[in-house]
Structures are given as C-alpha cells and as structure tokens.
Amino acid sequence: MENALIAPAKYFFLFMPTVIFSILIPLMGVAVFAYIMAIRMAPLVKAAPDSRADRIPQRIYNVVKVWLGQYRQPRYMLAGVVHIVIFAGFLILSIRSCSLVVMGIFENFVMPGFGGLLGDMYNFLKDYAATAVLIACAIAAFRRAVVKPARYAVPTKYGKDHTVEALFVLGLISTLMISESLFEASSVAANTQVGLHAEFLAPLSLAWLFKQGLLSTSVDTLQTLHIAAYYIHDLTFFFFLCFLPLGKHFHVITSLFNVFFMRIDKGTIKPVQHGIKDEELDDLESFGVKRLEDFTWKHILDFYSCADCGRCSDNCPANTVGRPLSPRFISIKGRDLVFKNYPIYPYGTPFKKSEDLIGSIYDEDEIWSCTTCGACEQECPIGIEYIDKIVDLRRGMVDEGMVPQSLQKPLRALEKRGNPWGKMEKKRADWTKDLPEDVTVKDLAKEPAEALYFVDSITSYDDRMQAIGQATTAILSRAGADVGILGKQEKDSGNEIRRFGEEMLFQTMKEMNTDAILNSGAKHIITADPHAYNALKNDYQGLPPVEHISQFIARNVKSGALRLTGANGDSKVYTYHDPCYLGRHNDVYDDPRAALDAIAGLKRVEMERCRDRSFCCGGGGLMLFYEPEEDQRMGVLRVEMAAAAGANVIVTACPFCLVNMEDAIKVAGLEGKMEAIDLAELIAKHMA
Amino acid sequence: MADIYAYITHTAGVADDSALELVAAAKKIDANAAVTAIVIGSGADVDKVADAVAASYAKVLKFNLDALAYPNAEVVRKLLVNVLSADAIVLVSNDTFGMDLGPGLSIKLDSTFVADVVGIEGVDGTALKVIRQEYSGMVSTHVTADITNGAVINLRPGAFAPDESQSAGGSVEDRSGDAGDLTVKRTFLEVVEAEVGDVDITKSDVLVSVGRGIEDEENIEVAQELADAMGAVVSCSRPIVDAKWLEKSRQVGTSGQTVKPKVYLACGISGSFQHMGGIKGAPFIVAINKNVKAPIFQVADVGIEADILDFLPELTDAIKES
Amino acid sequence: MEILVCVKRVPDTAENEIEVNRDGSDIERDDLVYSVNEWDNYAVEEAILIRDKVGGSVTVITVGDDESEEVLRREMAMGADNGLLLCDDAFEGSDGKGVASLLKAAVDKGKYDLILTGAQADGGAAQVGGMLAAMLDYPYASLVNKIEVDGDTLKVGREIEGGNQEMNAIQLPCVLSIQTGINEPRYVGIRGIRKVASVEIPQQGAADLGVDAASVGADGARVKRLDYFVPEMGEGAEMLEGSTEEIVAKLIELLKAKGGLK
C-alpha cells in the first residue's frame, strides 16, 4: 500500500534513521519494566503462603464478571461508567498500541488475524474507543480537579493528596489517545490531499475530527506531525508501562490477578497459616502478622492493586463514625511501606529490614476499630480483602499481649466460663425458666432431640436478649420442631473471639462445642444469632446443617406449618436492618423479608442502605466491650437512616443489632418515636 | 491489759476524723483503758493537734521535730519502736498512711498485726476477737488475734462511731527528746496534687453520682441531664474514672475526693467501702440500682430498684415539669 | 535488676458471686474460678517493664498448693523469667506473718534488688509486703502507682487520699506494694500459657527454706479466722415501691424535703 507520508520505520531525522528509536524505546522500556517488576515480585516471594490455586473455573468466572465485566463499578454510577469506558477503551486500544510499536520497525505490520474484515471493524471501533476514552478522561479529570468527591480526599494524618498523580495519569492516557489519533489522522489527511487511497476513519471520532482539521495542512507539516505523534505515543506508552508499578495505577496490571485470586468463600477467616492444620498450631513460632512479610502474598498483591478509589472507606462504618480506621489507608500505607522497603532506585539498593507494623504504620486502635462488617470487601471493585488482614494483625497483637484492658476481661471470662461476662455455666439455661407453659425445649444432656437450638452467650445471659431465646423457642415449638438446647455444655460460638485474633481460645470453644453438638445427636442446628450461625456454618467443620431462625420461619410459613396473624392495621412502618453476619457474610437477604411479608398487612419500607449495602449497627460479640474513640455511634446513624426511610420500627434478626439499636434509639432521643424488635420476637407475637 | 496507743494522723493542724474513732475502738478492747495518743510532726500544727486531742485521750505524747516534717511511715515506725513498750497495743487508722505503717511496725515490735478491722467484739484472755471483711466486702469473718506480745490494729476509717464525749481531759507530754535515731532509706519528695477538673464536686450540696450501672460512656449524658435539672453536679465511683469516662476530680472515695453534700444520689453504684469512705457529713442518700443485693442499699436512706438508664430520664422529665 | 514478685492465686471475684457455705467454715467453692490476684498482675507487668528497660530478671513466687503453679505459669507467660513455688503441708493456714516469713526465707536464699507485691489480695489485709520489708530491714512503700529507676534509688509515687500522689525516693533493695492502674498489663492467651507449659517450676518446702515448720502454718499463726458470715443487714434503705410515676413523685417530694430540689 502506498502512502503519502514516510513511515517511522523508514524516516530519517537529521541523517538518523528513526527506526533506531523504534527499536531502542521498546527495548529500554521493556528492560526497565522487567527490572521494576522483578523488584515488585520480591516481597510476594518472601511473603507468607496463601492457597489460591483451587477452584479454577470459579476463579475464571470471577475474572469474567468482576474484572472483565466490571461488575461492581456501577455501584458508584458516574465514576463506575467512566471507569468502564476507560477500561474497555484500554482493552481495545492495547491491540492497536502493540501494533503501533511493531509498525515502528516493520511499516506494514498487521496484528495476526486483523488483516481482513475483522481488522476494518476493529479500526472503526478503536477510533471511537479512543474518542470515548478521551472524553472519559476529561470527565474524570474534572471530577478529580473540580468536583473533588469527598472519598478521594486524603486526611492529613495519612499523608499527601493523591490528586496530582491521578491527573498526571489521566494526562498520559489522553496523550496516548491524542497521539494515536494524530498519527493516523495525519496519514489519512496526507493521502487524501495527494489522492491516494485513504483509510476510512470512523465519522466524528477523534481521528476523524483531526483529519478534517488537517486536510489543508501541508504534507511536510503532516509528515512532521506523523513522526512526532508516533514517537510521542511510543515514548508515552513505555513511560506509562514503567510508571504503572510505581503507584496506584499498578492496578492496571495487577487487578486481573487480584480478581483471579480473590476470596471465594464468604464468612470465613483465613487460617493462621495456610498449610498448617488446626492441631499443628501449637508448633508455630509466631502468630499473625507482625511485620510486612508476615502478610500472605495475596495480601501484598492487594496493596499493589488498590486503585485508591475510596469506596471501601466510604462504606466503612468505623470510618464514618470517626474511628481511627480507614480501610483504604490500610492498603495505601501497606503499599507505601512495600515501596519503601523494596526500593527501585538507585539500582542495587538493599531491601530494608522490616519493623513491627503496629506502632510504625498501623496503630492498635486502628486495627481494633474494625467491626468485621465486610462492607469494604463488598464494595471493592477488584476484590481486595480487609477482614483477613485485620484479623491477622490482631492475631499478631494478641500474641504480643497487646490487647486493650477493656477486652482482656471478657477474654479471660471466656477462657474460664465460656461467656464474656464470666457468668456461671450452670445459669446458661436460666432463660428457659420463663418459657410459657405450652412451649417446651429439651435438655440435650438428658434426652435427644431432632434439632439443636444453639443459643449463644448474649441470648443466654442478657436480660433483654433472653426474650429472643424465648421467642425463638416458641416459634420452633409451634412449628412442631423437636428441639433441645445444650444448656451448660454450650460455650460461646467464638465468632468474635476468632475475629479479634484470639485463635487458640476460639479453637478451644470450637472443640468443646463440636463435641457437645456431635454427642447430642441432633440432626440439624438452628440459631437466632447470626454470629453463631456464621461461626457454626463457616468456621466449624463436620457439624450437621445450620439454619438461621429467619430461614426456618420462611420455610415453615411457606409449607404452612407456621401460620401468622395479620398486622391488623397497627399503623406502624417497619424496616428490616440486615445484620452483617446474616446478609453480607452469608447472603441471607430474602428469608427475613419473606418472613416479615408473611404478616399480612405489615407495612415495610427499605432503607437506602439495605441488603449488601447494610450499615453495621456497631458490632457484636467482643465489640460490645471495646471502647473505641469515635465521634458518634454507628447505631445512632443507623437509627437515623431508618427514620429517614419513614420507618418507626426497626426489625433486625441479631441480638447484637438489637442491643445496639435499642441503645441508639435512647441516645438519638427517639424514644417513643422509634422502636427496635427482633424478627423472632415479632413473629412470635403474630403466631396464629 | 497492756497500754493502748492511738496514732493520730493530721493535716494542717487538724486531727483526722479517725482520731475520735480510734479512741472509741480502744474502749471496745478495754472499756477502762486510758488511751494514749501519739502526735508526730513538726511546727506549731503539732502543738495544736496535740492540745485538741487531749480532750479525748488520757495522755498525748507529742513529737515535734524538723525531721518529722512529713510523716513518712518508715520514720514514724522507727520512732514508735524507739518509744513504745514491747507489748503495746497500737491502733492505726487503715488509711493510706496506716497501710504503709501497720504491717512493718508489728514486725518490729514483734507483736500481732490485725488488718483492716471493721468491728471489735472484745478480748477473751489474750485473744482479741474482731470482725473483718474479705472478697471486696462480699463476706465477713470473725478473726481472733493473740495479743500476748501486743498488737498493731489497723481500723477501717468510718467503721467505728466516733467518741465525741471530749471527756478525757488528758495531758500533753512533749517526748521529742526520746525520738532517737530516725535515719531511714526512704525520703519524701513532694505531693503531686490531682489535676483540678472543671468542677469541684466537694463544693456541691447535691451530687448525682454514677457507677458501673451507667454501662457506657455516652450514658453519662443521662446523669448530666438529671444533674442539670436538679442544679446538681455529676460525680462518680472509681470504675468510671478507670474507664476514663469522667475525670479523676469527679471521683468520690478514699482514692478520690471526700465530699460532704446534703443529698447524694447513688446511681448504679454498688457502694464499696472505698466509695462510701469518701462521703462524709451524713447526707441523705438515695440509691438507685437494679441489683437489690448491692451493699449501697444498706447505707442509703431511700432505695429504688430500677435500671438507672430507664429511671433517670423519667426523674429528669418529672423534675423539669414540676 | 533482679526483681522478685510475690503473687497469689485467688478466687476471681469479678467473675464470681462469693457466698458462704452452709456451716460458715468456708466460702462456697464449687463453682469458683481462680486466677492471679489482680494487683499482683500489675506488679508483674511493672517488673517486666523495669527489666526490659534496665535489664536483669523477673522471678515470680507464691506460697500455695500444687494448683498455685497455674498462676506462676500465667505470669511467666507474661514474661517473667523464673517461677518459684513455696509448697509444703506445714505452710497451710499461715497468717500474714507466716507467709511473709516464708517469703523472707526465699529472699534470703536468692539475691534480689527489688521485691514487689500487690497492694492487697482476696483477704484485703494488705499486710505481707510491709511485713516482709520489716523482716528484711528493707525500706518499704505501699500503694505504689509509679516507679522510675534512677541508679540504685527508685523514685516512687504512692496513691494517697484525694487522688493525690506522694512522691518518694527509696533506696534499693526495697519492697513495694503495687496499686492497680500503675500500668496496663499485657494479655496472656492460651497460646502463651502453653508455651511455658513444660517449663519446670522449682518447689521448695520447709526443709529447703530452713524454716521451723512450727513457726508457720496454722500452728504458728497468731491471727486465725474463725468463720465466714454474711453480716446482719442493718436497717437499710426504705425501698420506694409502686409504678415508676409513683416512685418518681415520692422521690421528688423527699428530695425537696432534704434540700436536693428547690
């Protein structure tokens, strides 16, 4: 094919064949990139093991959905769509950019398979893609520089603002788009001027617009423009490649892997060390994460992958109420430390010896502030994990004895008595004394039963929460379930013990409960406490199937075994608050709602933050004992959200949520205007 | 019966309330005892205190020396060993000074130490029978102590009704010359005053005092609202200060402030003796607690069995209305 | 600095409701759980902090039965270097002076610069530290809530009335009884205890210590506990009964009468 302009592969600049640059730029670019990547790999190699090579089909599915499909991006609509445009544009244009690099050496190079119709279609598409990316960059830059959404802000304690880097990269992308289009447009404009065959440019695309503007420009100028655009593109392309691993745009490279290796199971906590069985834990020298390399390689990959989008912290209840935790900066501080300890420049700088993380980049209060609600992980568009990191850091602190005094007391009580209040074991079943006469619950230590009701500590001992136990038993009994409890044999499920990093104490609880449950001979387990539900279902092994009372209710209402009376125009407006350990961690969203809707005439509204966007009530288990620094209570915010939704009754399905909500109603001064009730209590009230 | 001595603590020229309690306790050991008070210190204050306690004690031994400017227990112990007879019975108030002094003194006198006594039942031969408390006051015990070789008896402040008869008409003897060698290996440096808070709870006639029953830092507000409605001040027990929910200056008790209000509302306070030790002047005490077994109900004038988080807002509203 | 910390295994009153048994001879022990005396735990933490700053070692010692070994182990899991259990049938029933004389015998066999005790324990007597100091002729300070090491002298703060702090200079070797709140004791988990589970803890009896068995234990005790009882309730408070509104109304009336309300 004949062209009016000389291609970069043939061009001479002051007697120098430019093809030299076409060869040197990629060579140097790739060499520098390889060097940087080798250094970046070092901490991954030195990091703790992680088992992530299982369930490949599921992982490929995740890649297609979360990475390629950008599934989580539209949760923030504008930013999400802008990102999808840039992401899609990048994918499309990467082929073009690679071709361009080779074309600098071999003028007529065509990417294999892109010769015929496909190539034409591709060219058409990529013109629009480049245009769309440029527009998206402009919107993104406007948002960054002018709109400045709050979630991008960097509080001073976390260091410098990231806007400059973001704008710089948007500039690089725009440069790529413009130079690519100019390179093409200059050639087409020249060919059109001299009457040669000209490539068809997609109408109104960037390249087309440039071409229209260049039709009257002299061929000499076009030649210069053509060569300049090419090398600007070439340089920018390789500069960008080497720039990516230096900051938050590393995610362009790592996100694919991060999504592939992202966690699959819900509600679980990583083992203390992958490859070490529970019974071998005693042999470990050290527990948890104390220094950088104690993190698993996936968790360091998480640090690399954080795009600094701020969605995690924007949804983090701890961050919202002013606790000293912002998950985004768990990642960013981690990444900054990796970069500092594994320096790229100057060449040959030795890696730094790691220091204790707590007290240097992370603070004790920061790590204790997390309620493990999971909102951050739910939101992260590329599958970064936080709960496991927090738990690992807590394990490290527990191992070093760094536990706040407020938590030491309940932990000691759990060790001695199996409940955080240190109440006597023999009183664990005292709540059954107040059951109505027609409601029976067996003592599994004395007689067997088909089903086990696992009560857990708060429902067993807290005066107010015992009502949940009584309501649950009444429902089970009315539905005809043959049910018993473990009584003093039951210990705390340990859901929070584990999540607060006291793994060995959790293991003790788990062993005692497992023995008691298996010895009881119960065929299935029911609980009204989502924390117990989560622990038994996800942390324990070899137990009979576990069901939450909301699932039991939904199932038995459907089958007709439970019949409910109507709301009888009680003129109340109900809203359902999703407990973290029922919803986000176990995907039980519909059953509690179905149970509520089975009460005929009950008026129910949804809060803006519902289902997987639910806002944590303040946390359960040991979190009740922790005294965080905070500006306000999570529960108060949640109660205000319910009020904003027009509700005057908050229904929840977790004793801890109920504790926090009832407290919050008092603190918010909404007594008499708002009430909180457990789902089991409400259903028990409406049993026909 | 051996001689009975009482060690008098004093500040700024005034004897501590315990001075009258010790003489009352001595009478329970031996109704006819001629009790000797020991007053130690330096300067005019000592003379003042010695003269004052002479009204209640048969005899007062006064030691007025520069070396006794601050009554460090080590120095006092040395002095007492120098001047007391071997089988003396020494009564000491079980305050922070008495706890420093008593146990070591008993060893040096080779006598018997009887700790933190809340009641004296009498002497049977050489056996003194007393009442003590264990497990933070949850149970009491009867204890016998062999006082053949004398005894050092630490008496809980406030446990004995003061003998205010002032009928002893005793004499003061200046025994400064007998003090002997007082060099010790512990020296007093200074007293670091507790930080002064935003309010002075010792000046308030009405205190709304909160304890463990408040459950959470945010709930302090509930008590503050009641206090505002009553024109009172919020004070608290030790756990609240330990939790850093209120400043140390708000704490009532032996390790906190001593208060003399007219009315004391104990809200969710169990009523340990350390706490009650900070309440003087026999105020009208109202106890609000959901645990009817709480010891506070023993010392309160009026008791209400209720959760303070429910009850206090009701009371606040009613007061605002009236 | 070589530091000895005297500790005691006691029923955990925070987690227990202490009740007297039927004949008043003892408290009801069936459902009790035991742990290290809270004050002692602060003393051990303080000893570890001092050791970590100036070097030396921390030894924890207790007078008790075989079961008392568990509290020594817990304190060693915290970071104490050595444990020593004074255990002999002859020690049973010792009064405060008896315990102090056993500890003195153990101190004489070792070489300690600083001896710490908790300010008090379950019996509430707060006596052993002061007695031990007098027996050793060491200076003593009780209710210590601050320690600064300055060569062979310590600067110590004592918690005194009014929330004030009395500062003293005290020469080593000395005995101090430690008040709660002086520090924040570190956490010891099951894992920590298991790590020291196999450490041999030496035991010493009357013969090892060279004490006359007759001078300690119940025989040597000049102070003896006769019984436990729950004190007769005094008159107590007049309980206000009725609905909340009625109680509130009565209370307001009373408060007005007593000058609590204008």
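By letter and in written order, the chains are A, B and C; residue numbering begins at 1 in each of them.
By our rule, a contact is a pair of C-beta atoms (placed from the backbone, for glycine too) under 8 Å apart; a residue touches a chain by one contact, two chains touch by 3 or more.
If you're wondering where the values come from, they're calculated on a predicted model, not measured in any experiment.
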Looking at which chains touch which, would you call it a line, ring, star, complete or other?
complete
The larger set of C-beta contacts, choosing between B-C and A-B, lies at B-C
Between chain A and chain C, what is the gap in Å from one C-alpha centre to the other?
48
Chain centres from averaged Cα atoms put chain A and chain B apart, in whole Å, by 58
Computed distance of Cα centres, chain C from chain B, in Å
21
Residues of chain B whose C-beta touches two or more other chains
none
Which residue numbers or ranges of chain C touch two or more of the other chains?
17
Which positions of chain C touch chain B when the two form their complex?
11, 13, 17-20, 27, 96-97, 100, 119, 122-131, 133-135, 138-143, 155, 157-171, 174, 181, 222-231, 233-234, 236-240, 244-245, 247-249, 251-252, 254-255, 258-262
Residue ranges of chain A touching chain C (in the complex, touch as defined):
281-282, 287, 398-403, 405, 407-409, 411-413, 415-417, 422-426, 502-505, 508
Which residues of chain B touch chain A in the complex?
216-218, 221, 243, 309, 313
For chain A, which residues are in contact with chain B within the complex?
406, 627, 633, 663, 666-667, 671
What does chain C use to touch chain A in their complex?
12, 14-17, 31, 33, 35, 78-79, 184-192, 194
